[in-house]
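Shown below is the structure under consideration.
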């Protein structure tokens, strides 16, 4: 993967994803050893729209590897840069930086950037809010909880029509195989046909659709919650009627397995009650930490900077 | 204090304040030795409203200790983060950072953050412009000039009704004791009763109130100037009549002791004439430097990172 | 130059410019050796208006020398700082930082800052878009391509009336001497008299004026392109008639020498066709990199931090 850009997870093989998860675990338990891995490197975060959580994750990842960070976010952007083509901006920035993380409101911007850049570009979101490192964070969290991302019953709950984060997770889990999906949503917000087709195309994966979280929560190893936006409903009555069905609270948690892991891409509005935060099954804040660890793994890998001691640790395991 | 948050100075004992001042002096004379104290640390500056001077002080402090900085200021903030609860934002950021400095327009925000965070939170201002590290900067400046923060006549001049910086300084000096306060303000902007009560409650402190700076300046060891805002007056005539009384210029400086120290929390408007800047008694720019040094002392202390050589230097003194 | 500010290139002697170019070349081939040159230093970038490209260049320069960066850009600026005098802001910031790069919309702001500051100030643009480090980037690029900045035919094309970048480059090349300028512009946008006088005052420099790029491109060693803004023309017909004359494309490149270097201060709009980017004579992206290298040379020089190995390398050459 050295020197490559990551626009979507199609740019990363399943073997590479497995290696990134292995590296993330290694980094977490060897923070001091890896603290100088990228000491001569500069990351540029080019955020044409602000996305605080994502930007800080990319930046912390590089800083904790010993690298440096430059960049802009939203209103810091000058009018000259606003008028410039993405091609030229990325060409300029690749004179300064060794790697770029870019977020842009327009679909396809990351691909243009990757094609223009002299250094690796990581898509931190273009158009929709889906981006490959969010899915890497999700996978790393499942992996951290279960030691695997296969042989699991994975529930996805909420807006399954527009939730691109969910589509990307389903697609990527299908590449690993052996997942039973439980797709929990109101009828208005069901999973699109092409995503269901993707599951069907995987010989070892299957799905069921459901509308009631309480009825199926007991079957789940993983529950991936997403926000149900009011604007998605045809009328307010439907919204009010359905809303509580998709709110995770202590009462519903009592119906779930003791080993279930609750994930959420954050920010949440009210779809997970605050009372769930202290439940050991709540994994959404460690998902944030895993996102940072996966970005550390990804940044160092794309830069070709080996993690000190990692190769030896793999040999010992083998 | 390791691992604790500092929302107000009530969170810091007088012994701890004394130790912080001692550390600030040590840091100032051992810049190179302390430059790696926090080398594996990340500070997050979460500035929901911009406050350039304060943010740069916190950031420089961490950088000069060898740590790294992430954060946002004002318009860099994404709408998602704006809509998120302080609880969730701080939980997320404490996955990235080892310590947080937060500024927020709403009173009480820092307390909520401290209760939510997994890492220490320092209040960099919530609601009013008072914040504990401003008072620490004030104390360190008095300490640097006089070698003590007691046995002094301290004049506070300007808006004593709404100036929360002044209230915090009075309150903290009363904890150390042996201070004679001279409270200089127009009648419209006198010190509130509860602050006077605080002085009265200190057996070794006392106060007098005055309206004319020139009449009392000759008694002062310390003169703490604050801005008199036009909006505070009932009518413009009063403002125009009184304004000059509270402007410090060379003429008034000639009436003061040769050892007096002039402090100001900055920014100033016109309440200290530029001609005073070159007077050796002007201490307001060294107050800025002392603020940075106290933040270095506070950050390293809350993180539990010992300053190299400091413990030994204390033993030698003892 | 140690401890001095650079408001214009009048603050830098030709001998110093030559030394900076020599340092920039050394830095480029000794990236690892110089990576700790300014390890105890802090740069403050005070950008009262955003200028992404310039800010990132100054910041990367300091980071690649091992230093740290604080600062603000545009909307990050707090209202208090907005209302404060430049004098006070710079006095405050010079308590934190060892060197300042400032950009300000008002002409003269950099001079005020330099006079107020306790540390060196580099003008990153005030009023117009001209600033001394842009010209240093231009010179370093000519030097990198030809091994000299003299004995060259230098064409400048586009808006020569309002293009302050071009005026500064002409002025500085005249200080070195032995340059034949070809000034290519529409009649509405000819070089001002005082700039022509400056060339005439140099005994070894000369100029010709032209309106047709194609007619003269074959004579040029350097072609410095600038943008022709529509707003500069009296009527749209003239603009449309003349526009293409000043667009550099492959057809015109075929008329040029194989060794010609094409420079542009960026951002471009459409005055250089994208097809030219892959021509080895296109030097505008390496001009960006040279800008960063010259800022590394300048920052380390003003701070008095010697580049490891540089002095010895000069002795070997001598």
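For clarity, chains are labelled A, B and C in written order, and residue numbers in each chain start from 1.
Following the convention adopted for this analysis, contacts are C-beta pairs under 8 Å (C-beta built on N, C-alpha and C of every residue); 3 or more make two chains touch, one makes a residue touch a chain.
Worth saying up front: this structure is predicted, and the values here are computed from it rather than measured.
*Asks:* Specify, for the interface formed by the sequence copies chain A and chain C, whether it is same or different in terms of residue numbers shared by both sides, with half as the dividing line.
*Replies:* Copies use mostly different positions to touch.
*Asks:* On Cα atoms, by how many degrees is chain A rotated relative to chain B, nearest 5?
*Replies:* About 120 degrees of rotation relates the two copies.
*Asks:* Return the distance between the CA-based centres of chain A and chain C, expressed in whole Å.
*Replies:* 41
*Asks:* For chain A, what residues touch not just one other chain but two or more?
*Replies:* Where chain A meets two or more other chains at a single residue, that happens at 74-76.
*Asks:* Where on chain C does chain A make contact in their complex?
*Replies:* The contact residues of chain C facing chain A are 31-32, 35, 49-53, 56-57, 59-60, 63-64, 73-76, 266-269, 274, 277, 285-286, 288-289, 292.
*Asks:* Tell me, which parts of chain C touch chain B in their complex?
*Replies:* Touching chain B from chain C are residues 40, 42, 44, 68, 70-72, 74-81, 83-84, 87-88, 91-93, 95-97.
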